[in-house]
Amino acid sequence: MTSKFYAIISGAGSGTGRAVALRFAKSYPIVLLSRSQSSYQPIVDDIRAAGGQALGFAADASDPAAVDAAFTSVAKEWPDRRLAAAIYNANAGFANKPFLELTEADLDTSLGTAAKGLFYFAQKTMPLLLSTVNADPPNPPTLLVTGATASLRGSVRFATFAAGKFAQRAITQSLAREFGPQGVHVALAIIDGGIDTPWGRELGLVEVTKDSKLKPEAIAESYWHLHTQHRSAFTQELDLRPFSEKF
Amino acid sequence: MTSKFYAIISGAGSGTGRAVALRFAKSYPIVLLSRSQSSYQPIVDDIRAAGGQALGFAADASDPAAVDAAFTSVAKEWPDRRLAAAIYNANAGFANKPFLELTEADLDTSLGTAAKGLFYFAQKTMPLLLSTVNADPPNPPTLLVTGATASLRGSVRFATFAAGKFAQRAITQSLAREFGPQGVHVALAIIDGGIDTPWGRELGLVEVTKDSKLKPEAIAESYWHLHTQHRSAFTQELDLRPFSEKF
Amino acid sequence: MTSKFYAIISGAGSGTGRAVALRFAKSYPIVLLSRSQSSYQPIVDDIRAAGGQALGFAADASDPAAVDAAFTSVAKEWPDRRLAAAIYNANAGFANKPFLELTEADLDTSLGTAAKGLFYFAQKTMPLLLSTVNADPPNPPTLLVTGATASLRGSVRFATFAAGKFAQRAITQSLAREFGPQGVHVALAIIDGGIDTPWGRELGLVEVTKDSKLKPEAIAESYWHLHTQHRSAFTQELDLRPFSEKF
Amino acid sequence: MTSKFYAIISGAGSGTGRAVALRFAKSYPIVLLSRSQSSYQPIVDDIRAAGGQALGFAADASDPAAVDAAFTSVAKEWPDRRLAAAIYNANAGFANKPFLELTEADLDTSLGTAAKGLFYFAQKTMPLLLSTVNADPPNPPTLLVTGATASLRGSVRFATFAAGKFAQRAITQSLAREFGPQGVHVALAIIDGGIDTPWGRELGLVEVTKDSKLKPEAIAESYWHLHTQHRSAFTQELDLRPFSEKF
C-alpha cells in the first residue's frame, strides 16, 4: 500500500466498478463516485474492513457540478496524494427499443453518461494524471474506460446506446493519442458479453454454462494489468468476453 | 424527372450538399434544409434554372422544432409526393483544440449536429422512406449520411469532433441493420480528405496537387450510385478520398 | 466503345466475373482469364454477339507461367491498346471444415488463389495501368479485387479461406497506398452474402426472399462505378450485401 | 513451478521469444523451437541456471517435418506433461521493397512463416491444449500469437509482409471462435512499434526517447496476463505499443 497515490473510480456499484475498486484498493487508497451513497458505501466499508482506505461521493457522472464538487472534496481530504489511476465505468441509457420508439431523452441519457460524463471526468483527471508522471509513480498514470460490444457496432434496438459508446470510444482514442506521448496511459476495455452481477442474478439472468458471464473480478484483473503495463508497451484497446461467447 | 417522388437534403451549403442536391435534382424534386436562406437559396435558384423543382427551408439540423416545421411544410406543399432519398450532410463542431481547452459547448455542438441532428432527421424521414418501399419507387428508398475520417478514428485535437462523428456512425449502422431488411437502404460515406469548396478556396486552402481535394461533384456521383444500388447489393459504408491522400 | 483501351478480368465464369465482363464490355474490349475455355467461351460469345470485342485465355490465376503466357498473348493481339481496368475475381479454397480436418493443401489452395494469384496479377497489370495514367484514359486506371465476408473476419470452419482473403486484402491495401498517389485506383469490393449464380440455382441454393442473394449484374454496376470514380474521390473499400442480410 | 504442465514457444531468439520463455519458465517447464541451436541454447541455459527446466529444438516454423519431429521428441522426453500454453512468435519475410521489386519468394517466405507456420503449429498444439482443458490446469490452456502493425493494415513496401500477418490474424480469429467455446484461449498480441532487441541495438536502432521501443520483458508480462485470464473474460486481441508511438 502506497499512501502517496490514490485511484478514483466513477461508476461504482455492485459489478465491475466494485471489483475494480477492491482490486486497486490492494495498492492504493480509493475514491468512489456513484449515483448514490447506497452504491458506494458497501464498497467503502469492504475496503476499510480489508485494511484499505476509501472515500465515497454521490455524484452522477453526467452532472458536471456534482463531479466538480467531488473532486474538490478529494483535494481537501487528500491534499498530498497524487492520482495514480482513474477508471471511468459509468453506464446508462441501454434503451433497447426499435428506432422509431426511441426518444430524444434516450439519446441524451446515453450521450450524457457515456460521452459527456467521460469528457468531464477526463478534464478533471487528466491534469492530475499529468502531474503524476514525474512524481515517481509505481506505475504509469492511467485512465481506463469501460466499453461494450456497442462501442464497436451499432445494431437493431441499440441506436442510442451505441451512439454513446461509440462517442466514448472516440474520446478515449483521442485522449490516448494526445496524452500517451506525455506519459499517461489511456485504454478502453471492451466488455463483450453479460457480466455476472448480483442484480443480474436477482433478475434471474443466470449463466447458461458455468463462466458464460464475465466475472467482475476477472475484469478487474485485466484493468490492473493495464494499469501496471510498462510505458514501452501500452495497450490502447482490449476486448474481454466469456470463452463461450459467439463473436 | 419523376414528380411522384422527391429527395431531401439536410445541410446544404456551397460544397457537398449543393453538389448532391444538383445531382439528385436531375431525377427528383428537391427539398433543402439549411441553417439560413442564404445557404439554400442559390441552390434552389440553380435547380429551378435547370428546369428542376426545389424548396428550401431554414432549419438548423440540431433544432427539432425547426426540423419538424420544415417537414410539416413539405407535407403541405407536396402532399402527394413520396420520399425517395434523404441525405444527412449537416456538419458542425470541428473544434480542433487540445483536449484540455475543449469546452462542454464544443462537445454539445458536435454531438448536437452529428448525432442528435441525424437522430431527429432519421425519425422524421424513416417512416416516409418505409412508406415508399411498396410505392414502386425507381430506386430503393435511401438514407445517406456524410461521415468523415473522424468517423473511424479519434485523434489529437479531434476529441469532440470525433465523438459526434463516431456517434453518428453508430446510429447509421443501427438504422442500416434495422431498416435494410425492411427495404430501406442506409449508408455512410466516409469523406477522408479536404473538400474543394468555394469557401475553402477563399480561405486560401488551395490544392497542393491537382485533384488533391475531393470535388463535390465527384462525391455526389457516389451518393447517386449508392441511391441507385439494387437492393440485392447494398453498400453500407464506403470511403472517399483523393488519390493523393495518405491513409 | 473506345478501342484504344481494354479491360482484363481474371476469374470469369458464370457469376460475378461474367457480369463484370459484360458491363465493362459496353465500353472496352475485354480479356478474360479463366481456368478453362468452357468458362470464358460463353462470355466471349455473348460479348461478340452484342457487338463488343473479347479474347479468352485458359489460365489458372495461381499459375504464374499460365498468367504470364496470357499477358504475352494479349500484348501480341492488341499491341496498341492500353489497359484501362484490371479485375481480380479468382476464387478458390472455400474448404469449410473444422480446423483439425483442414489440410495443408486446403491452405495452399486458398493462399494460392486469393493472395498469390492477386500478387502475380498485380505485378503483371500494375506496370500496364501506370503507363495508362498519362495516356488520357477515359477513367482513372483501376485495379479491382473481389473480397468476401472472410476478408474481414475469421470464423469457425473458415480458417484457410479467411487466411487467403485476409492476405488478399493486405495486398490490395498495400497496392492502394503505393499506387493511388501515382494515379491508379485500387479498390476491394467485399461481397458479404451469397451470389445468385446459375450453378447455385442448379444446386438448389434458391433465394429465401426475393433479392436475398446478390445479383451479379448489381455487383457489376458497383464495379463500374468504382472504375469511373474521379481521382479526387476514390473508394478503397466498399461492402456489398443483400438488403435482407444480417451483418 | 508445476511439473505436470509445460509451455512451448516457437520462434525464440533474443527478443520477444526469449523474454516470453523466461517469463513462462517461472511457472512451467519450457520447450523452445528455433531456427538453430544458437538461437535456443542461450535461453535453455538461462532457464536452467534460474532453476527451471527447458528443452530446445532446431525447427524452422515453416517446415512441417521439422516441427513434427520436435513434437515427437517432446512427447518422448516429457510423456506425462500436458501442454498449458503454446506461443507462436516466429517471424520472417519483412521484405520492405516497392511492390514491383517484391518477388514470389518474398511472398512465400512471409506466408510460409506467418500463416502456414501458425497453421502447422496450431494443428500440432490444439489437440494437446484441448486434452488439457479437463486436466485441471492452473490456467485455461492458451495459444498466443505475435502479430504486428501489419496485421491490421497494408502499406507501402509492406505488401508481402502484411499478406502473411493478415493471414495469420485470420487463422487466429478462426481458432479463437472455434476453440474458445471448448475452453482453449486463443489470442493475438499486435505489436505496434519497434522492439528493443540486442540485435537492434547492435544495428544502431537506438531509442530516440527512453522507452520508445517495446521492452521484450514488458511484452512478456502481457502474454503472461493473457494466459492467466479467467475463462469468463478472455481477450482475443490486444495491441501493445510504446507510449511515444504515433498510431
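Should a chain be cited, it is by its letter among A, B, C and D, assigned in written order, with residues numbered from 1 in that chain.
Definition applied: a contact is a pair of C-beta atoms (placed from the backbone, for glycine too) under 8 Å apart; a residue touches a chain by one contact, two chains touch by 3 or more.
Nothing here was measured: the structure is a model prediction, and the numbers come from that model.
Each chain gets a centre from the mean of its Cα atoms; the one farthest from the centre of subunit A is C. Copies subunit A and subunit B of the same chain sequence form an interface built mainly from equivalent positions, shared numbers / all numbers used being over half.
Averaged C-alpha coordinates give centres for subunit B and subunit C that are 31 Å from one another.
Subunit C and subunit D have Cα centroids lying 35 Å from one another.
With centres taken as mean Cα positions, subunit D sits 46 Å from subunit B. Shown for subunit A are the residues that touch two or more other chains, namely 177.
Under the touch rule stated earlier, the contacting chain pairs are A-B, A-D, B-C, C-D.
On the subunit C side of its complex with subunit D, the touching residues are 64, 98-100, 102, 104, 107, 111, 115-116, 119-120, 122-123, 126-127, 150, 153-160, 162-179.
On the subunit D side of its complex with subunit A, the touching residues are 140, 177, 180-181, 183, 185, 196, 211-215, 217-219, 221-222, 225, 228-247.
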